[in-house]
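Reading through the structure tokens given below for one structure.
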Amino acid sequence: MSRDPSHLLPSAEPVRLVDARGRAVEGAPYPAPDDAALLRSLGALITARRLNDQAYALVRQGRLAVYPSSHGQEACQVAAAQVLDDGDWLFPTYRDTVAAVGRGVDPVEALSLLKGDWHCGYDPYEHRVAPHATPLATQLPHAVGVAHAATLRGEPTVVMAMCGDGGTSEGDFHEALNFAAVFHAPVVFFVQNNEYAISVPLSRQTAAPSLAHKGVGYGVPGERVDGNDMAALLAVLGAAVARARAGGGPQLVEAHTYRMQAHTNADDATRYRDDAEVAAWAERDPITRLTTHLRDRGVLREEQLAAFTAEAERVAAHLRDGLNRDVEPDPADLFAHVYATPTPQLREQAALVADELSRELGEPGRQLGEPGPAAGRRSPEGAAR
Amino acid sequence: MSRDPSHLLPSAEPVRLVDARGRAVEGAPYPAPDDAALLRSLGALITARRLNDQAYALVRQGRLAVYPSSHGQEACQVAAAQVLDDGDWLFPTYRDTVAAVGRGVDPVEALSLLKGDWHCGYDPYEHRVAPHATPLATQLPHAVGVAHAATLRGEPTVVMAMCGDGGTSEGDFHEALNFAAVFHAPVVFFVQNNEYAISVPLSRQTAAPSLAHKGVGYGVPGERVDGNDMAALLAVLGAAVARARAGGGPQLVEAHTYRMQAHTNADDATRYRDDAEVAAWAERDPITRLTTHLRDRGVLREEQLAAFTAEAERVAAHLRDGLNRDVEPDPADLFAHVYATPTPQLREQAALVADELSRELGEPGRQLGEPGPAAGRRSPEGAAR
Amino acid sequence: MTAVAEPVTAAARPAAPVAVPAPPAGGTVTLSMAQALNRALRDALAEDPSVVVFGEDVGALGGVFRITDGLTADFGEARCFDTPLAESGIVGMAVGMAMNGMRPVVEMQFDAFAYPAFEQIVSHVAKMRNRTRGRVALPMVIRVPYAGGIGGVEHHCDSSEAYYAHTPGLHVLAPSTPADAYALLRAAVASPDPVVFLEPKKLYWSKGEVELPSRAPGIGTAVVRRHGTDATLIAYGPSVPVALQAAETAEREGRSLQVVDLRSIVPFDDETVCAAVRSTGRAVVVTESAGFAGVSAEIVARVTERCFNALAAPVRRVTGLDIPYPPPKLEHFQLPGVDRVLDAVDDLQWEQ
Amino acid sequence: MTAVAEPVTAAARPAAPVAVPAPPAGGTVTLSMAQALNRALRDALAEDPSVVVFGEDVGALGGVFRITDGLTADFGEARCFDTPLAESGIVGMAVGMAMNGMRPVVEMQFDAFAYPAFEQIVSHVAKMRNRTRGRVALPMVIRVPYAGGIGGVEHHCDSSEAYYAHTPGLHVLAPSTPADAYALLRAAVASPDPVVFLEPKKLYWSKGEVELPSRAPGIGTAVVRRHGTDATLIAYGPSVPVALQAAETAEREGRSLQVVDLRSIVPFDDETVCAAVRSTGRAVVVTESAGFAGVSAEIVARVTERCFNALAAPVRRVTGLDIPYPPPKLEHFQLPGVDRVLDAVDDLQWEQ
């Protein structure tokens, strides 16, 4: 009566190919990626870290409102992007800017949301990266829909749908996994378990043996992977993508990693966790681990490392330049995209705002874009002055 | 890193203590309930079936708008009520009228919803039976809340939270199981898998090995039981309740049963399933099975059976009488219970309706409660006639 | 036996399939609203391979109201299919399919059962085009068997239009005739923007002439259903027949009432509505949904803002009461009826 | 660094804890609105053992806005606790706890993140008392950090009051001062009915005098915040300071504006509002939320219905635009400002 579930259960320990000291793990259940792939990933990791740190600095300089950093989670970010083909789709959360950049999105455009110029700053179709999702887990059913549409048309698209450990508690997570399973949709659900949802630790989020154990309840294979092990991530996510592309249906992958910084710059993590916990995770840094692994095995030359660092600097400079440039957002945009054609009501409202602006431009001392009441008053005719 | 999940997984086959031919199963994993309990259940089963059939007939006679029958699922209904103590709570769905009655709710009051006199016809506190839930799975978080409140006060309450196979797909199912697990709430989630959600068969509802396999993803033990085996249901649900009461936390129990009739009288099941399928399940009827089992073992005397049947007739007659009595619903009730004290706005609206009624009562030929425009017009003063 | 496979309706309704198997090539046919909707879906599926229909029980069963009757049989599983029972999942999946080249038409089984999808509708469906600066459009339709008047039990008769109408980024339509049901549903499916399509349950079985292909006005256009000179009744969806009946009664009493059928709640046709109100100087808004902060309030507010100096009396409202939808036996108190409408008309300060 | 642990605000805000550790026995204290809310929760927890506070990050963190700061430390885990991240689950669990003798106060992290709980709120919270004929009451409070004006990114600045105000069975409150924040939250927790409690985010850090114990009017009462003779501004929550500022500017220009603060959207204080409008003959409604089918429409409609003959001009609205909430850099176009309010006042047909 019951289909045998054993193949749907994750391994007891997360898959690890390279240990925290950079040494290859014996008898790992997945073949190691080749050195070229690992080297490429190291470059991406170095850029990823640099981007995280640059964005963080830009918040302090007031160029970004806030930044939810993936510092410490870069291996997950890089792997999520690297295992995909051009025709595939990525569904990132607010924390997955680096993954979006990994697929080719310009980091300046990716951070438009947090700079405040507009919501989604990039064209989702250009690199097949959905807009950053903020309402938690809501992007997961979208991922299923994109995948199912591709399946109906016979296209080989695979969709990488990302969420956090906290996001797994939302109803949409459940509904998306179930739909994906029932429609056998080529979606890889990739949960970055970074141990916290803002202040709430995993132990208060779930009592499950692991988040990957949620898969079996949908008939979806669950897998667990060391989220700071670049090699293991490439292997596990790569296999999941290949399986989905081959018609194997969805998969749930949980990466065990850690949010090294506060939820965002605005958060005060000392209220809910110890520095010692953070320090312990610093020991498991994904970049150090991969660097050691490649260096110890003679694969990484120092010139290569220097080149990676230079490339990371170049990207960081691009981000700095982009975010330091002030774009004057156009209020006409507020009305232009609510519908394909503005409704009569929106045309009226746009005209009102335009009228306010034209009056304001006549007024010295008021700046377009300055916070506060939006515009100059009409001359108060009729007012008894 | 991962807690051992094996104890959370259900057995490969549903627990069965008595097979379809009424014979005790050897080596069953639960001890059989004692004969007195089984006899008592048989009486309840016979009444349950009679209630289902009576309600069905009352729809044909126009006394009920519609009736979602639990015909074929009576063993689940009876067991859900019988394993609870007085201080426990039951959360039924629209299909679980018989379970509510099993806890002492007057069947006439239980069917008020479907008669159309009011929404919930009984006092939920009297027998600790929540109002029938229609929006699917929404009652499950309530069950967790009731249980958690009891826990906080140190009360030994256990909550039986019922839903259907279809209901497990809703986000609220997921959130309720997770909350129950994290708060270690004494809730038994009891899924009656009757193979259909209206027209949608289980195979299009889920790709899971079984619905009970959803438990592990929350750290909740899952168990499967033959939903037409009264003995097994009493054993499995009884153990789950005892475990919850002893502080063991929530449990998920899936009963494999079958919706023998259409979704409601309004449904046409021939559009989506074969008579042969229904016929096969008729062979597994829970009442026949328990009757045979008790008779074969010499436990059931024919006088006893006659007494059960007489009692069932008595209950059915009570239901008939109750539903054939017409209660004139009072429109004042519409305004009385929206808030503890009606708002000024509601007082205004109540006055308007009262005014309409008083005018209407002056008008011959219009009946209070007659469908159509609500009331008599004020004399159309000012109208240019 | 009713066509409703839900623990819901007291009213006996034809159980017969609503599908219209032999579509005439053109001309005018008499159809129920249910049939007109079925026909619209059929024609859309036939014309545009990117149209897909899905939801709960829409496949083999043809939907609890039979609006999708025969679509799976005729267009195949890939074009019309059942989903697991989860409305947020349904709408969320539709968002993804619309992002990826399809035109999904999803069915919510009843108004109240669309609420689980509220976050998807408000935070994604309504906002996607805007947040992506027009790059990602969501051509999708959310069909909702809407409002009451069918003796349904709790949660089966809500009127939910205000929730959607208040949410910028959605179009909200409510037909009142089979012809409009056809025309507006076709327009909704063809629209580049998401549409919440409200189908008055109590009108599913009402019949009317439907011209094929339709030449009815599209989204954003109200029509004057009946001309009159003394006061204007403004209604949409299930309230339109009530308004028309009231106008008929009033005529016998010597008062000439005009009836405007909004058809499209968003966008709102200020021009037609205001012209009608100005022509009579008096108006009553009739809606089945609760009045407080509902669409009826918006109509009163905008008509008053725009036509104040032409008004001889305040615009009045006849709406559902501000109470949870009543049980079947008390339902008639909730529904705007002819008498209430005429009472409101009487209150329009005729003495001035 | 801001007190907001969310990818949300540009505005720099004090990160200091808001808890008020040493409650004075009585008299008047100066508190920020955030502190007043914290104090109200503290006092309620201390007085009534059935009060429990829960939600996302309300425990150790004290909430992303620090409204629950120190409550877990002072009252223990059983009285104030974090939940898993699922809003429907939070509200649903609150329903169950309220059914079973508790008075839950739950926090939704932001307006838009209450939408997953919409079905629970509309189909259960609002209806439970009614569907059980008064047998099951739900004394619970849903706290919502509400509206915008803080430079938040998308989904962090919605104004959701219309959705709740349109749903019979809920009380909907929106304070505009620390004193009202305290008084109304205490009243909400003590209420036998469910309350949606909207806390204007941009006012969290505004300070004011709070009398303890409070003698402020309770649920259902509006107050005249400023007297005036020429026109009445009607506002609530975040729009009240805007209205007051506009009245001040107008005074300098020689026009006397009255300001009514609704405080309670449901129930609505028709008496106070209508008396104010009648006394001036002109009125403008100011709300931050989108206008279409919003609470502003209801206010215009009911004031017009009740005061038509006293009106010298149509009641005007100054509201948020009918667009998704703008990104931070364009936010100021969305917010009603003094100039827009005064423009609307200028439009009130003064020439007559």
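The letters A, B, C and D name the chains in turn, as written, and every chain counts its residues from 1.
Keep this in mind: a residue touches a chain if its C-beta (ideal position, glycine included) is under 8 Å from a C-beta of that chain, and two chains touch if they have at least 3 such contacts.
These numbers come from a predicted model, not from an experiment.
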{"item": "Interface with more contacting C-beta pairs, comparing A-D to B-D", "value": "A-D"}
{"item": "Longest centre-to-centre distance from chain C, chain (CA-based)", "value": "A"}
{"item": "Computed distance of Cα centres, chain C from chain B, in Å", "value": "33"}
{"item": "Separation of mean Cα positions, chain D and chain B [Å, integer]", "value": "39"}
{"item": "Separation of mean Cα positions, chain B and chain A [Å, integer]", "value": "43"}
{"item": "Overlap residues in chain B, where contacts from two or more other chains coincide", "value": "118-119, 135, 169-172, 174-175, 178, 182, 204-206, 333, 338, 343, 345"}
{"item": "Per-residue overlap in chain C, given as positions that touch at least 2 other chains", "value": "83-84, 86, 88-89, 112, 115-116, 119, 123, 127, 130-131, 154-155, 168-169, 266, 268, 292, 321-324"}
{"item": "Residues of chain C touching chain B in the complex", "value": "1-10, 15, 56-57, 59-62, 64, 82-86, 88-89, 112-113, 115-116, 151, 153-156, 250, 253-255, 292, 321-324, 326-335, 337-340, 342-343, 345-346, 350-351"}
{"item": "Parts of chain B lying in touch with chain D, wherever the complex brings them together", "value": "89, 118-120, 123-125, 130-131, 135, 138, 140-150, 152-153, 157, 171-172, 174-176, 178-179, 182, 333, 336-340, 343-345"}
{"item": "Partner chain B, residues of chain D touching it in the complex", "value": "52, 78, 83-84, 86, 88-89, 91-102, 104, 116, 119-120, 123-124, 127-137, 168-169, 171, 191-193, 220, 266-271"}
{"item": "Complex interface listing, chain D residues touching chain C", "value": "88, 112, 115-116, 118-119, 122-123, 126-127, 130-131, 154-155, 158, 162-163, 165-169, 266, 268, 290, 292-298, 300-302, 304-305, 308, 311, 313-317, 321-324"}
{"item": "Residue ranges of chain A in contact with chain B within the complex", "value": "1-5, 8-10, 12-14, 169-175, 178, 181-182, 184, 204-210, 213-220, 224, 249, 256"}
